[in-house]
């Protein structure tokens, strides 16, 4: 996209497996993508496709006794997966931070908002208690919370969902991170509040060089916020494209099906919605070959036998589908 | 003649305080809602969380008894029925719930779940019931061989199909779909929406389709009602509501929906400030006025609910 | 907060009424004449008659209950049939010993139980976790009186390190405390472990980790404080088991407390004393639960600002 | 974070809601639980001892043999004898019958009164619920063992009264437990769905509520049996429970206290018996809870 620019984050062959009673589940299976400085990358897929696990794997927030992570996560010339836990800890919340989906459960109910924002400031920015508290008030102001000097001393249960999500954003931004993973930041919110948060994020984005990885299932949110999109299905990347190309010239049958199955406001009501038949495969019993073939309308023989490799059209355009070889 | 008529429906929850547990206030979850539903029609009911849309559905079915107002089903007042008559009327009024994971009893198999409403109303032989269940399952897209399976063995979309089969089991006239597709992934959601539309055509069902997703509601409904803080602010045909929204809240709501097309940049959308006020202490007059970009003095009085164009109802002072 | 306090205080009233009603009817449920029962089998007819008029036993039941309450308020619990001393005096003489023993035991239980539970929860399925899990399972399965006897055989009789019973120095306190605390230590450790495990899987702990906080800080500041909320409740409820265990422990170690008084009185059919001491136990337990509620409100801001 | 849930637990069809929804999965989990297995084996041995006491031990466990009184373990008396020369092994074996009888009886009393009252109280609510709740508050104002003690003081000693006293002291626990579960289950959407499909109250309670509150009741039954054995032994130890010459573990310990100076075995073995019996119920209860009711605590 940005020619000549080196990626800020480069994920290569990420593979994350969970060890459960029923066996090993590979939630992320060979994912690679780059994130460039200052861009917003959309990571899209339905539940269970591995998009959140990808973020948690990068930040190493998964319980190491129950998971194995393979591959490389290159950030700033270092492979995050091979850092020792202390080095990794200093990166979390400092240079890379995260915003979570559930504002209701992601804040600690028994600590004040101010305490929760200022503790990372004290840790990463080495601020004193008083300075950190002042900065916390400043952060609340930046995320447009009214009367921040009062709100800073309140407990999360006194705040509405939208306010809490603003607090989460303040927390993530507080140490000037270079990369933010935003995991479904607006999914739990009402549509008018979602619009507020989207506008806030776009406003904050202007004039900062922070990159955002926006993880969501909501194609509307992606269309409005991201500049480049990576589509995942059943633990794999199936397609990557700049946002306009993805929405107007999708190549993978899954992406196409997904785009057509969303009802659009003011769309044609007479036509039936396009449905992708069947159900998302169980990660314990993945189909052989391309994991999408049982639901695909264009399945060929080879799709049932071998999983397709990634075809690169250009630097920002790739798709993993047997049909794509013909450049159709 | 409408199959369902709702007139000035209210549901207040008492708020008790202090050690004597005296009622000091009421949460006005539903505060005077009126509409009707024609046979074979879908009426969408949209609004943000806490607007009372779910309570409307439950109050109509008397799963939670309404505080005031009447609900007429085919001309008969549900509130005046005795327990047994009401129970029998439930054959005609069914509901599909939001959460496909919690709306099915985990200890009953699919056959038992779908057969329960049948057994409640009809005295049929076991084999007859089995046949009916098998037919219903095939109709909603499940394999009838799966009758012995338990809910946890199914995916979310399949469970929602089970819930639909249960609702269809007693040949209802009206089905209340309470956020019936909200918990589902996009690709599965499309399957269920299509299924609901097919069933409606086939069986002349009337749906009260309660949801927060405007695009889904617009797609499936013939008419749409928009709720805000316990009241309907606008009700119109889906087409005219989308093309010509009149109420400032409807306008804001529609413009807030992110459009899945990057070429349509929503720079001009109306972003409402602040949060929805608590239904415990709703603003005087028009409940929307503190957030309304067009608010004026007379908005401090409650606007009437009027039909300003044929089939276009609105509660707003901007339209005299 | 004040509202919460008042609510809790008022909630005690029906409980207190319940306790007194239960105790009032306890005597009347016994076969035979309550006056005779209270006076004891050895009492002379004159004594029995005196108690009858004194307690108004010839009056209707509700008046009897009213006068029973009235006497309770004046701390008049009657006379012991065994010693002829006022019951309240018998109880006063022993209550401090029971409170001392219970407090020592509950302190020990918290001091050992909570950290053990935390360590087990922080390293689930490690050897420490197994050790804590098995030890606490043994703890809740062990009859306290047997443990007491075994400790006595080992430490008093065989090793002769500690006195076998009675009261006096701090050394006398060790074995009864350990015995009484054993069950509660185990229970609190189990509870702490499960509560911590649950809290550690909460979203806000992941948030704390995503901020790069040190693991120790996450455990103490973010997790433990939240986990303590249910633990505090359990500690309060465990106090009840502790009081029950006190009856047995005091018997084993000849500890002159309220528990032993009850047992001796039951054996001697000294009903006035039984009634009085059970009343005191009930009051003590109610009081502890009230204190627990207050601590609860102190820890949890959601209650504090109710 | 929801995504992880979906990946690790809920992914798609086969394992969603697994945790407690399916009893077949519960059984599979129970079988894999080593602690529950050990508990089950202990319990089996315990039950075999209780039922097979006359086969395992020929002779009268209450027959004195004063010449051999307080004998340490030997070939004739594997676990030694007590102060009256009675075989400790025999008395422990026969004692297992008594304690099992008490455990079953106590939990029976608790279930018989607690479950229906809890169901009614929780499902219908209102005034009935209020009165029942004040009643349980009153009983729960006394620590359990002390309530049993007070009841023994009224009812008198002996096997039957021990069962009744401890049983009554457990009723409020079951009422609370069942009521609490019913209150949760009553709000479940599937109960609402049943009401919406015109199911009668009776059927809702029996088909929808009871099966879904069964798991915690079963867990509490197992743990409650352990508590019952402990309480009964405690009463026996104090001399106000089951009376001699009936062999009862607690009273065996009570009378052994006088001889613990030189003859520790007299006190040791009955204690181990109590410990193992209680342990088996606790292990099993833990296993049952992990398998069927993992969300509850303790």
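Labels for the chains are A, B, C and D, by order of writing; each one numbers its residues from 1.
Here is the rule we go by: contacts are C-beta pairs under 8 Å (C-beta built on N, C-alpha and C of every residue); 3 or more make two chains touch, one makes a residue touch a chain.
These numbers were taken from a predicted model, which means no experiment stands behind them.
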item	value
Co-neighbours of chain C and chain B - touch as defined	A, D
Higher-contact pair (C-beta pairs counted), A-C versus C-D	C-D
Computed distance of Cα centres, chain D from chain A, in Å	50
Centre-of-Cα separation between chain C and chain A, whole angstrom	52
Distance from the mean Cα position of chain D to that of chain C, given in whole angstrom	21
Whole-Å separation of chain centres (CA-atom averages), chain A against chain B	32
Residues within chain B bordering two or more other chains	155, 158
Multi-chain contact sites of chain C, meaning residues that touch two or more partners	203, 206
Residue numbers of chain A (touch at least two other chains)	47, 100, 102, 106, 279-280
Residue ranges of chain B in contact with chain D within the complex	58, 61, 63, 87-88, 90-91, 93-95, 97-99, 101-108, 116-117, 120-121, 150-156, 158, 163, 166-167, 169-170
In the complex, chain A residues that touch chain B	46-47, 160, 162-163, 190-196, 198-199, 217-224, 243-244, 247-248, 257-259, 261-267, 269, 272-277, 279-280
For the chain B and chain A complex, residues of the former touching the latter	48-49, 155, 157-158, 185-191, 193-194, 197, 212, 214-216, 218-220, 238-239, 242-243, 252-266, 269, 271-273, 275-276
Complex contacts: residues of chain C adjacent to chain D	14-15, 18-19, 21-22, 26, 29-30, 137-138, 140-147, 149-150, 152-153, 157, 187, 190-191, 194-195, 198, 203, 206, 230, 234, 239-245, 247-248, 251-252, 262-263, 266-267, 271, 274, 278, 281-282, 285-286
Residues on chain D engaged by chain C in the complex (per definition of touch)	1, 35, 134-135, 137-139, 141-146, 149-150, 152-154, 226, 230, 233-234, 237-240, 250, 253, 256-257, 260-261, 264, 267-268, 270-271, 274-275, 278-279, 282-283, 286, 297-298
